[in-house]
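I'd like to ask some things about the structure below.
Letters A, B, C and D name the chains as they come in the text, with residue numbers starting at 1 for each one.
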């Protein structure tokens, strides 16, 4: 770390900081500038206590970290891209992956009809929420275990893999029994206890970025899962919260390229949450492909206007078909196949 | 709700929307303007399904809610301010409440020394984290049950009430057995399963605002607790995430006045998290008082430079004493007492 | 507009609002719901005074606009895409346009060397700042008129069109004499007097989006130029300011698709400002193409490490060559040519 | 500055950076850590070229500034608070200053009535916009020179000082002839040419913070005015743009305390723009006083519901009277007088 002292700190004040740095196990290396002294603190920042508390001293202006805080998630520690295997499906390899399905599982007919259709068009994973995190307690909270049963039914019929969100530590065990991939939503992006529980399930985990989570924090959340023994983590960009109101969120497509560079984990993009408008989804998908995403997570519904949740961001079957046709040239341009 | 149609929608397109509105149980009342038609949908928005999914129809431009989404949390439903009682302590009444203590419980000596000191200066509640949500899995995660034991010890000696954060649904039962007030942190602000579990414990709950949570969403999170049978909820403003980097967060003091107006719940301000800099805490406390907060939650440590977490935002004993002296004229100016 | 009254407003209170709406020239159409009344105010919102001031009345909760505020910039008013002609160059047609060059014009050698190189690789417009808006008064402010002279020299030699930023109303005349396209930077995105002056020059104008400008505001800024008689406006997305610190700005690529849909104006993307990191520029360019941008504005420097401004976001010649090769398959995938 | 190299940079790569640092006039002091080398670059950062361009080198990870970028605006350079004198009025001394008046100057009657009333209640400066920066070109743009004439009239009658916004370099001369204080609005916060022109006028300048301007950037904008020879600068916090939609802006009251600490300049708060809602203005004023503001800039209108601009944030005479009564105890608590 680097400890920046305030201008004109006395020699005694400098000595005091040097002593604290030593006490905390770092080797202090002071550099005296014209008006300000900085002290480089040599030592492994990921195993030593942070020196940030030193800013409590009046003569300390700032403390800066030098090393990256994530290890297992970093590209340095694992230069080859991670390929997450879900049965015979590979995510993060050369094949671009489509995950699609309704926001909420609503009924057997709704789910099966959707499953058949997205499979026909090229999806290999079926999404559908059985447990729904809703802003208001008065909104539809999902079908729960009945929803999981319907997802299993859809898998049995279509062979699609199943991804579904888990909201509670207590649900991890039975959701893991039904689902092929566990999804952590944006509201739980730093619910570390849930992350740890999902890690322990052994199931692949798709980890969404929080609404105002910095990329470093997102990778550190992934680090929680990796550090608890589960290497099968996928990152999912789903838009961040900004001042813009035209869209529900601002899809941060640069974050896709950054996550691919900083980390070895597959990156999936959720354009439906990312903009909250069905009419923009197809175009954002092209962007996601161009920036190097390994797959897409898209909300599809037989009749969005009657959806019990988030109809405004779900595309219908016909639009989904066109969308998949539309991204094909971009998948090819990016050197991959669908 | 109000459904805004696109300019020049055909009579047939208008009819289709009217039919959907009726089908969903609202009474449609169309108003035809020069170029655009709007349709007011009359009906209780909190019991009917939202019409937002109608934007999936190509002729629908936007859907606007009219009613407020929170009921139990609203001032309309409960015109008198709620006073939360914690034993003989009242929060939200005429007496201004100080909650203070270390970020993390680190040791018996650290905690008891702090407890004695903050009590002496006027605090009535002791804060201290036994379970810590840390951005990195490699950082100190709290003493857990041993931390709770030390908090009980401090209460036994000083008579202070105890507030501590709960991170996991599985911890609610035993944390409730030790703590007088359960704290929900910013990262779990929309972890609805944890909110419901805390509601069921019957303990008073202090609910922090999420890092990028709108005020409406914050009140809806409180609504989850109220709707699950627990009326003893306190709101806590702790800063929101913005582009500014001088402070760790941007303390939204307007939100204090807004929450007091929109809701009947007590509002507490956490200036330590709110700015992340010990040197600004005393001044922010004055602002919180002026804007009508019912109390403060302040991080105090015997030696911040050696704190195991967030030393940069903890004040030492001397500063805390000065801080309390400093706010007294403002508490008096606001017609309350300390 | 729609005026939403507070719940339980008295008939007298409703009448008062209706009277105000009439007085301001709208036809009021009240709709009475279960607990709340809304009043649709029929009339052209772009020619009548806004009703937003009515929220000053205690019984008015909110006022909502129905119509779009921009007219000339809207796709409705001009369904065909605008093609901006700069001599023989067309921007916004089927050909994808590359604008490239140094952040600042530094010297004849630097500029000419860059001009030759970017032309060779496929650029048709040379960028280069002669007047630089710098955060600090102590930073390099540009070569001014000497910079303009060098840009003219580069045009004479290479045939490239010239784009350069104008900072002051007083510079518009002489910058227009040298430049083919006037650039309005993000800091002046709502400097309406400068916009009007540029409109009057008759030169094509590239209008950057402000750091925290909503898309509606950006189009309204374009409306200022259009309404002052200059139809040759290009919009330029250059990243917005968010909480993320990995990049200097967050490039809002969804805004490209939105601007193309809402407006008929060409949209250019500036990935250099958009992320502030040379190592991400090539990937963001692919995303910009995929989302439908009509061109790119890229900072290129012979030796970025020695650039007098923003070296960290300028690419060198070799990187620029690779970048152009890299986007070709995406330009083809989007049905256009380079 | 501090140059942080990437882990495992070769000795040759380190040498290359050291040579560049020397070439740019700094003295390089490398410190070799376990995996990463940092190089402190000793030298005056405000007179040497920034080293940030060195991140263009592949082995450079980041470049960090050590020194503050503002000099004349800094508290270090000028430990005593600046008192701006406007005739016999002192701003930034022990007396708290009220600036009040309509958003726009609309008519002689409106302005004079307001001037008399705000003077009676304790204001010493009259605000009123003659030139209005409006988001849309179709909105009222101000009365211009006629507005200035009315402001002079109001001053002649009431003795109030006049503050009014200047939008254009070309207007500075004649606005300076009429106004006692020039106001730079948020949209022009980094319109440096306008700042320089205002500096040259010799008139005191009130500089609003931009919508997404960091505190450092705000102080650097002030530095532009100071460095061009005008020491009479007041900073004005008027809310920043965030994701919150309940208020128009998020008033950053912490910024008041920070600006007072980092700088010697007086700080004024504009709560009207700061929240965009008349019903919150009185409470925000108390907060502004508590955080150490030197004065307030408040929008007051005889009949806000009929105001031609921003009626929703203007308070009427009765509310303004109550507001002033309401802040008095807080002004006293802060050791000042009204």
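Everything below uses one rule, namely that contacts are C-beta pairs under 8 Å (C-beta built on N, C-alpha and C of every residue); 3 or more make two chains touch, one makes a residue touch a chain.
Not measured: the values here are computed from a predicted model.
**Q** What shortest step count links chain B and chain D in the network of chain contacts?
**A** Step count on the best path from chain B to chain D: 1.
**Q** Tell me which chain's centre, taken as the mean of its C-alpha atoms, is farthest from chain C.
**A** B
**Q** Which pair, B-C or A-C, has more C-beta contacts?
**A** More C-beta contacts join the chains of A-C.
**Q** Let me have the rounded angstrom distance from the C-alpha centre of chain A over to the C-alpha centre of chain B, please.
**A** About 25 Å, centre to centre.
**Q** Using mean CA coordinates as chain centres, what's the gap between chain B and chain C in Å?
**A** Whole-Å distance between the two chain centres: 38.
**Q** Using Cα averages as centroids, what's the distance between chain A and chain C in whole Å?
**A** The computed centroid separation for chain A versus chain C comes out at 30 Å.
**Q** Identify all positions of chain C at which a residue touches two or more other chains, and write them in rising order.
**A** Correct list: 212, 241-243, 245.
**Q** Contact residues on chain D for chain C in the complex?
**A** Spelled out, the residues of chain D in touch with chain C are 20, 46-47, 49-50, 52-57, 63, 69-70, 133-140, 167-170, 187-188, 190-194, 210-212, 217, 220, 223-224, 227-228, 241, 277-278, 304-312, 314, 316.
**Q** Which residues, counting only chain D, touch chain B once they are in their complex?
**A** Chain D residues touching chain B: 212, 214-216, 240, 242-247, 250-255, 257-258, 261, 274-275, 279-280, 283-284, 286-287, 289-292, 329-330, 332-334.
**Q** Could you list, by residue number, the parts of chain C that touch chain B in their complex?
**A** 2, 4, 7, 29, 31-36, 38, 40, 42-44, 64, 66-67, 76, 212, 241-243, 245
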